[in-house]
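Dropping the structures in below, format is structure tokens.
Each of the next two complexes has chain A plus one other chain: chain B in the first, chain C in the second.
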Partner chain A sequence: MMASRIKWAGVAVIAAGLACAPLILEQTGNLFWINVIAEIMIWSLLAASVNLLLGYVGLLSFGQALYFGFGMYGVAIGVSHFGLGLWPAFFLGVGAASAMAAISGAVAVRLTWHYFAIITVVFSLIFYFVAMSAKSITGGDDGLSFSTPALWEAAGLSLTDRVTQFYFIYMIVFACFAAFALLVASPLGMRFAAVRDNENRASLIGINVYLTRWIAFVIAGFFAGVGGALFALFGRYASASYMFYHVSGEAVVWSIVGGTGTLLGPFVGTALLILFREVISGIWENYLIAVGALVILVVMFAPRGIVGIFNDLISRRERSKEGREDSEIEPLAQAD
Partner chain B sequence: METALEIQGLTKRFGGLTAVDNIDIRFPKGILNAVIGPNGAGKTTLFNLVTGMLPATSGHVFFQGEDLIGKPPHQIVARGLSRTLQIKSVFGGMSVRDNIRIAVFANEGVSNPFRPARGYRDISRRVDEILQETGLNRLASANAGALSYGDVALLEIALALANRPTLLLLDEPICGMSPSETERTVERITKLARTIDVILIEHDMEVVFKIADLITVMAQGRLLVQGTPDEVAKNDKVQEVYLGTPEEVE
Partner chain C sequence: MDLVIALTINGLVWGLIVALIALGLSIIFGLLDIINVAHGDFFMVGTVLALVIAGTTGFWIALVLVPLIGLALGLVIERLVIRPTISAASLTIVTTFGLSMILQEAVRATFGAQARRMAAPIPGTVPLFGLEYDVYRLFAAVFAMLCIAAFFLFLSRTRLGTWIRAVRHDRETATALGIPVTRVCAFTFGLGTAMALLGGAIAAPITTVEFRTGVDILPVSFMAVVIGGLGNLKGTVAAAILLAVLEGLISSFADPTLARITSLAVMSGVLLLKPKGLFAGATR
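Presenting the complex of A and B:
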């Protein structure tokens, strides 16, 4: 029980740290970094989407950017074509992403492993090219710019204010991670784990493996869609380039480096690699070589990522503490 | 005698090989059935066809008056037909307790995403009952991936029981167990067979002839004979498939 308390303390520290970040950065005049952190929080939702599939259901998707893109375009089209307000546009984006995940997922989750990975790439490529060619709706190459609707007119709250925007993103991302934590600990989350661990056995205890994967795929699309909708509001812009599988691949890397199958892994991975990019790319233009090396090292020596290493350390400490009490548990063969 | 499972004209071909060849078998209710036969007789294929893990080439499988052929495994399980696998496998990434918990959740049809799984008292109670029943309670918090082979086999039985089956198919449940584990598991199986119908595939003849009420012998995908242990032991055809023809023996 101690181990989980330490983990939750870690979550609380990060959440509190993020909540204080804009106040501190404002005081010290580092306004630029407020936006960097906001961006990290948004992208961590895309990484969380990858993580839900890879870490909890055992499906490697290279196409989650598609749902991120649908989230973006839902907002952009909602505001610029339909003249929607902030929340209706937001829900249009998230709804479009989830609906798209429901449709493509119905086909994709019939497959597993590399076939699944390939079909997710194919889907995102198809819609990338569709979005590129449908210039009148999506703006094609140029993307679609819009001006952000007011957050709460009566209170004078607007997303054009850097700090307001930060807290808007913070609250939604926080809610998503809380929902994620609840989901993976719930009976549905246990179903996901059963399908991930042993598909055959799962079907033999009465689990509909296909349906379970599909549900996970739709929820993953939802998280990616929330990320996309936030990113559209953040940049006041949507572009097909964010649907490209290169973006999906980046989210896979963030998720793996941070640690798949852990709650905070995707956030830690995203934060680390985006900070790395912000700091190093200005100094060394080939910084991606270093990112590549880091990914190889993590995959080889810490397959459960950075957060995975921490979790292992915590539980190893636990075990050595409880070792004496545990030693009375014998294998059943000698337990007569 | 009532029927637990009835198989009619069941056939499975893999390309040129006929693994199960137009078989008709009736497994009576209320007794412990065993299926034996030399390697390649089609026993496991038969179980795979019955539980929907393989599509049949032709034929029917009737369980509680319903044809199971064409139904996916999870729907067959939901009707109260559980099985264990010959190659033992459980959910290796979770504790023994969570293995059983997920099976109980699946059986109860609970998949609420908004409530922690550990908060369900009635589910936890049933998990404890099953742990007790199968003797796995000493290993409840052990990781299922680190269990001995014999304990994995026990956990498989526990997972099957979580489904509250009326018919339980056991595929070589004591394979790989130590003598003391075997003894205990055999005892558990005979006890189980008093309350639910059991069909057992087993290679250990000593065990089969000791506990089975009715033995079905398969050879080369066909039904050879079905009878009491005594009848089967005396049957010439059975001796032939197990020992070869008299000429070959000499």
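Presenting the complex of A and C:
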């Protein structure tokens, strides 16, 4: 009981800290960092989408950037070609990403592990090349710029204001992570875990393994799509380069470095690596060497990710407390 | 018509080089069960080293030195970053991704971001099917073919090669029989790396040399490995050649992006219909 209370306290601290961040940063004049944190929140959704598949259903997707890209282009094309308002464009993007995930997922979830990783990267590459060549629609390599529509005209709210934009992103990302937490604790989430832990046993007790994987895949596509839609609004720009497999790979790295199978792991991983990059890039031109080394060191010394280590520490402390009462069991539990 | 022939032969030449690189990827994958995301960057390091060494001592020495450097580099990397994270396939993706970042950035820091081209070590052209074809490209094809043949001979005729096959086949039994499995795995990673660097050295005079080329070669090599069937080495070679010729043919009447999309579509078809690879059953 104690352990889960500490974990939820951690979640609350991060959520509250993020809510206060723009006010503090505005007071101290660090306006640049407001946008950095906003960007971290957006990318953490892409990492969360990887985490849902890898950490909860046991599928490693190397192509989540495809759905991020659909969300991004849905918004950009909706605004610049169809002249949609902010919310219709947003839903167009998220809808397009989810629909794409539903179609490609129906095919991809028939495969597992290496084959699944490869088919997802192949799908994302196909659409990357399509987006690169369909220049009249997508802008190809140069990308597609647009001016962002008003958030709420009557109230005078607009995303051009840095702080308004921050809270807009914060609210949507917060809602997504809350939905994520509810999802993995729900009966459906239990089914995900059953499929992840033992696919044969799951199907023997009557779970439709393909259907369960497909649902997870569509929801993961939805999260990635929300991330992409937010990113388009944030940057007022969409580019095919964000659909490349390198972006998917980065999301996998963020998710594993933070800790897969945990709620906040993807957020922590994304935040650590983006903050590290922002700080180091100001000091050292070839900062990517340091980022690569950091990534390697984290998985070497914390194979279950940063949040994984944190969770291990909490449960060990818990166990050692119980261990005082029953010291016979403790070594066995440790060895497990 | 000339264009079709030229692009098809180009595809064949390129396919043989890709086959060499993909074989390296495939033995690493088959033996260590890791998805090596840095493999394309090993190729890139090969092209850069070939250009640099060729500039000081000449191309032929580079062609000998580069794979040896690759072997050493692979052994060091295996010991430092692969072995500690070998326990889970998803972890090795992260480590090789980090490695890929380090390699690209290290090359950019030392070699520069500028794309360069290298003069062909064998100048001139020969008449071939009614067109004038670069001698070096023909040499590259033949040399890549010889390297592939040597690789298969090594696997089937030497003790080390037999050990590699034994570990691939059944790791536990191999351990029980006294084969030094850990060292065989380390050597295999070194060998795979050396093959990627060698492919880079052969390709250096016919491609652009810059820190980003690995990003393009990686998906192509993976496609060859998958279409050929995971673990089917001969299938990998056939698939690499098939894909490159197909891309060459299509790009003779459509743009290269369409050719790439087609080969990707072929690949998803193969994955879904014949997940064991196009040549499953044909060879073991």
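Definition applied: the second predicted complex is superposed on the first by the 323 of 336 C-alpha atoms of A that agree within 3 Å, B and C clash if a C-alpha of one lies under 4 Å from a C-alpha of the other, contacts with A are read in each partner's own complex, and residues count from 1 in each chain.
Definition applied: a residue touches a chain if its C-beta (ideal position, glycine included) is under 8 Å from a C-beta of that chain, and two chains touch if they have at least 3 such contacts.
Predicted, not measured: the structure shown is a model, and the values here were computed from it.
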- Task: Scan A:Leu54 for contacts with chain B and chain C and give back first, second, both or neither.
- Result: second
- Message: Per the contact definition in the header, classify A:Val107: touching chain B only (first), chain C only (second), both, or neither.
- Response: second
- Once the structures are superposed on A, label A:Ala194 by its partner contacts, choosing first (chain B), second (chain C), both or neither. first
- Query: For A:Ile296, is the partner it touches chain B (first), chain C (second), both, or none of the two (neither)?
  - Reply: second
- Task: Could you tell me if A:Ala185 is touching chain B, chain C, both of them or neither one (first, second, both, neither)?
- Result: first
- More residues of chain A are touched by which partner: chain B or chain C? C
- Message: If we overlay the two complexes on their shared chain A, which of chain B and chain C does A:Leu233 touch? Say first, second, both or neither.
- Response: neither
- Should A:Ile126 be classified as contacting the first partner (chain B), the second (chain C), both, or neither? second
- Partner chain in contact with A:Val75 - chain B first, chain C second, else both or neither: neither
- Message: Need the overlap of the two footprints on chain A, from chain B and from chain C, as residue ranges.
- Response: none
- Item | Complex contact set, residues of chain B against chain A | 51, 53, 72-74, 77-78, 82-83, 85, 89-94, 98, 101-103, 105-107, 110-118, 120, 135-136, 138-139, 142, 148, 150-151, 154, 159-160, 162-163, 178, 180-181
- Task: Going by the contact rule at the top, pick out the chain A residues touching chain C in the complex.
- Result: 54, 60, 62, 107, 110-111, 113-115, 117-119, 121-123, 125-126, 129-130, 132-133, 245-246, 249-250, 252-253, 256-257, 260, 285-289, 291-296, 299-300, 303
- Report the residues of chain A in contact with chain B in the complex, numbered from low to high. 182-183, 185-191, 193-194, 196-198, 200-209, 219, 329-333, 335-336
- Provide the residue numbers of chain C that touch chain A in the complex, in ascending order. 35, 37, 81, 84-85, 87-91, 93-95, 97-102, 104-106, 108-109, 215, 219, 222-223, 226, 230, 255, 257-258, 260-261, 264-265, 267-268, 271-272, 275
